[in-house]
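Take a look at the structure below.
By written order: A, B and C. Residues from 1 in each chain.
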Amino acid sequence: MRTSKILLAAGLATVSAVTLAACTGGSTPTPVNTDATVNLGLVLAPTDLDIRTTAGAALNQALLDNVYQGLVTLDDSGKIVRDIAKSYTISPDGLTYDFTLNSGVTFSDGHALTADDVVSSLQDATKNKTTYVDASGLADVASVTAPDVGTVEVKLDKPNIETLWALAGRAGIVLEKGATNDLKTTALGTGPYTVAGFQANTSLTLDRNDNYWGTKAQVKEIVFHYYADTATAANAALSGDLQALLPVDPTQKAKFAGAQNLAIVQGDSTDKWTLGFNNTDPTLSKKDVRTAIREAIDPKAIIAAVGGAGLPLGGPIPTGDPGYQDLTSVDAYNAADAKAKFAAAGVTRLTLTIPTPYGTTISDILTSELNAVGVKLTVKQVDFNTWLSQVFIAGNYQLSIVDHVESHDFGTLWTNPKYYFHYDNAQVQSRYHQALASTTEGDEAKYLSQAAAIVSNDAAAEWLYQGVVLNVVSTSLKGLPVNNTNNRLNLANISVLGGQ
Amino acid sequence: MTPRRTQGPAWLRELRRRPAGIFGSIVIILLVASAVVSSFWTPVDPFYADPFHPWLGPSLAHLLGTDAVGKDIFSYLFLGSRTTLLVAAGSSVVATVVGIALAALGALTGRWLRETIAVIVDILIAFPVLLIAVMLTAVLGPSLVNVVIAVGIGFGVNIARVSRGEIRRVARTDYVLAARAAGVGPWRNLVDHIFPNIAPVFIVQLSLAAGVAILSEAGLSFLGYGADPGTASWGRMLHDLQNYITLYPLTAVWPGVAIGLTVLGFNLFGDALREATDPRLLAGSDGPMDRRSSRRRRKAATP
Amino acid sequence: MTRFLATRALLLLVGLAVAAILIFFTLRVLPGDVALTIGGTQATPEQIAHIRRSLGLDQPVLVQFGDWVAGLLHGDLGQSLLTGVPVADDIGRALTVTLPLAGLSLVFGLAIGIPLGVVSAVRHRRFSGFAISAAAQAVAAIPIVFIGMLLAVGVGLYLRWLPVQGFPNAGWANPRRAFDSLILPALSIALVEGAVLLRFTRSAALEAMSQDFVRTAAAKGMTRTRALVTHGLPNVILSVVSVLGIQLAALLVGAVLVEVVFQLPGLGKALVDDVGNRDLVKVQGELLVITALILVVGFVVDVVHRLVDPRERQADGDLE
């Protein structure tokens, strides 16, 4: 009798000990639901799947790292890391890049990846560097060859330190040589997921690639839901339809204050909310006017208006990109001086053209602040297509607000007079070329920051703020990247806790 | 266009008797008053933004509080009445011109042209005002003028159709037939006899048109096709505030209620006017319940 | 009768043809270029020209029109300039949302408008009748988008009885969920349209009630309601039918707005999106389908009205 009581007591004790351990989650690992479907909410939708010719961050988010892979990729902090390449070396003169490929890499259709596939993809991108999206980084590539079956060699005709970074993006993805699938509606790559379904502007579905050559994905299916407006997206997240909302509009943040299973995760981004000036416009070609506009704007007010989701930015290079320095003291907020400069220049009216997807929060502040210094701002909201044709292509505007989200875009924006800012400064251009030709990262940063300082002192634009990324993530979803998720979304490591 | 003397005071008297008519008249008068006053003065500059003090509750400084960027809601709402009035009045003018032109064409011309116009009118009626406005704004860019034109055309076509029946009816009365026999020209007939008789129906339609115009502007601004950011408009307020309706529902209620009350005012005014100008009072009808007048009333009741 | 049918059918076809011409040529006046949306901000002028060529947009306008009409006669509405998906497919899918939405709104609207209209007429001298009529007036004055927002927030977010927004991606595969997504949007439209129908029904019922045969029935001892329902109802229904054609246009407009408020992937929302993208082929197709729907329903309503209304048949010479 007593023995059985002791045994019973021992049994009970054991059971409660195990239960306690499971509840605190200390020693026992929480099971992962490998059959889970993850629903993600995003805002900008892709119109088709053509990774080569269709622009837009939406395709980067959906397909880079998930379906398509390249020799190298970027990690969550934006550093270049190896992917299909097992290792790589760069010659001291910066002209030769040698990549050793991982063995056993396969495409999702089962075919093995060979150096020939890499060579043909890179040659294709190099040949089409003016028509393929993001391929201009391969401008200095002279040849791509496969010295042997497991290595690829890229030779440049002059050093270009941005080449590796370009290879980590769309320019470097590897497609199967001789594949004939329609890129607009299908995607064939080496990644941990395959495209299972696509409805333009509505949703995109990825399925786990069970033949993946690396560590298989831990979720069965991912569905990207695209929302046209941020309030609907926020409501969907609140009602549990989504496991993550990327990003959440800062103005909707308060809705999630009491949400039990959702957390707001803040990350870095290279978003540069830019008030662009048309530098060739008669009124804006005068530097005093441009300076006055910058001085009339209080960045603290703008950041307050966007719910605090921003960092002050004084120049064209954001934190996280090479060449960043704090330029916020240039043309800092000074309403009195702005008023004087406007009066001296005789400027009383300015026009701001914004695309409709952008709300009027920022333009309302600008209207009010410019009004306070004697300038009436007329705000025109036009649909995105009209913005493209009027502002971007025809340059028919004075001021415009655009969120430039790309990283490493200093060259595109500030060294090309044909870009819609129409900014042309030979010193900036030469500094930039020196930066590209550097062989060390330190040198590159030095020249880039010099160039950026010139641009800022020229008052070529006003940088309203640098965005931060605010994502809403369910507490049961793990492994989601934190930074730069509006540019790239590597979902290889996500998992859903069991029982969800 | 002189109203017949027996009508003038009669329908006005009837109107004043009806509570709906009184309410409607008060709303319209308030709207005009706000529009005029707000053009010269508002408690706070409606466009002054203070992002450090968003979402303040009502206070003496801000009667209805502030919005997401710290603008004074009451001042903005106050100034918005001007846009509402302009849209209502503008659309009515356009609708009148279009309606009269089409109706006159339809009534005065020979059979072929009349039937063709009738067909075109029927097709245009089928085209919802919103779609006309969407296409217009896509072509010309979003602006209030486009809203006014679109609503004016859409409603003018409706008015033409309604008036067509009226004009035909009046054209057949003994009075007019006698005048034609006596050699009075068709234009003269139109001005002297037909217009005064259809005027009440017209005015009723116009007041309904005003209501539709205001609702259309709200809908179009909501879609982003209406007023530009520099124009205070109740429709824009709805558009801007829809994102915050779960966080600060009261702020979005103000423009919704303002629009609803104003449209209600116009509708009630129109209804009261319609009842006050019942064919009973017009010369030439056969009594309240004859078949033709009941059908006529049904047509006139079509908004 | 046959002559009437034939004439109306001919008018319907002519109407469609005129609409097609109006739509096509008005859209060609649109500034802006879908090739820009496709090319994006990185596109060079050569790329954009290339895109435009591949879409056939560089052909003369009349040639494009001819191609479109030729396609129409085969039931082919062309392909989306942006995605290459056949327009008919996209519209078909969008209709699986918009048609049920419109139908549901109509059902709700009639269910709200007719009974309440009759009640309000029967009790028009009592407070309840006046209250119903006044409430209808007030509701009809409220913007549909506002009602939609209130319902979405109140019923969807706070009470959580129905989905807040959106339509399930799987479509009607899960009929229950799909239907649930349409209830609040349909209700938003139906409340306003129902209010309008209520007023029509009320005035038609009032008129019917003053007719001799209804008065006689009431004098014979039936309650007013009974008398109205058994004798006057046909006339009331007739009046309502005669305005249904116009109400459908209003329903479709309502559908466009609520589809945006509730983020439903229907025809209305597609139209708004495609105009923004300058996807001309899709916009043409969508506008044509909407116009065709309205014209066809108008035709059907006219025919039904003509068949059923003895007065119309008698007064044929009056041609209205």
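In this text, a residue touches a chain if its C-beta (ideal position, glycine included) is under 8 Å from a C-beta of that chain, and two chains touch if they have at least 3 such contacts.
Only a predicted model underlies this, so the values are computations on that prediction, with no experimental measurement involved.
S.K.: What chains, if any, are shared contacts of chain A and chain C?
M.R.: B
S.K.: Hey, which chain is the most central one here, using CA centres?
M.R.: Answer for the innermost chain: C.
S.K.: Starting from the mean Cα coordinates of chain A and chain C, work out the distance between those two points in Å.
M.R.: For chain A versus chain C, the centre distance works out to 41 Å.
S.K.: Using mean C-alpha positions as chain centres, tell me how far chain B is from chain C in Å, no decimals.
M.R.: Using C-alpha averages as centres, the distance is 22 Å.
S.K.: Using the average of all C-alpha atoms in each chain as its centre, how far is it in Å between chain A and chain B?
M.R.: Measuring from centre to centre gives 49 Å for this pair.
S.K.: If you look at chain B, which of its residues touch at least two other chains?
M.R.: Correct list: 138, 242, 245-246.
S.K.: Among all residues of chain A, which ones touch two or more of the remaining chains?
M.R.: Residues 229, 235, 356, 383, 386.
S.K.: Residues touching two or more other chains, restricted to chain C: which are they?
M.R.: Within chain C, the residues that touch at least two other chains are 31-32, 157, 275.
S.K.: Sort out for me which residues of chain A touch chain C in the complex.
M.R.: 47-48, 53-56, 130-131, 133-134, 184-185, 199-203, 223, 225, 227-229, 232, 235-236, 238-239, 241, 356, 383-386, 388-389, 392-393
S.K.: Which residues of chain B touch chain C in their complex?
M.R.: Touch list, chain B to chain C: 119-120, 122-123, 125-131, 134-135, 138-139, 165, 168, 211, 215, 218-219, 222-223, 235, 238, 242, 245-246, 249, 252, 256, 259-264, 267-268, 271, 289, 291-292, 294-295, 297-299, 301-303.
S.K.: So in the complex, the part of chain C that touches chain B is made up of which residues?
M.R.: For chain C paired with chain B, touching residues are 11, 14-15, 18-19, 26-27, 29-32, 137-138, 140-146, 149-150, 153, 157, 196, 200, 203-204, 207, 210-211, 239, 242-243, 246, 249-250, 252-253, 256-257, 260-261, 271-272, 275, 287, 290-291, 294-295, 298, 311, 315, 318, 320.
S.K.: Could you please specify the touching residues of chain B with respect to chain A in the complex?
M.R.: Going through chain B, the ones touching chain A are 45, 47-52, 54, 68-69, 71, 138, 141-142, 224, 228-230, 240, 242-247.
S.K.: Which part of chain C faces chain A closely enough to touch in the complex?
M.R.: Listed in rising order, the residues of chain C that touch chain A are 31-34, 36-47, 80, 82-85, 152, 156-157, 160, 163-166, 169, 263, 265, 269, 273, 275-278.
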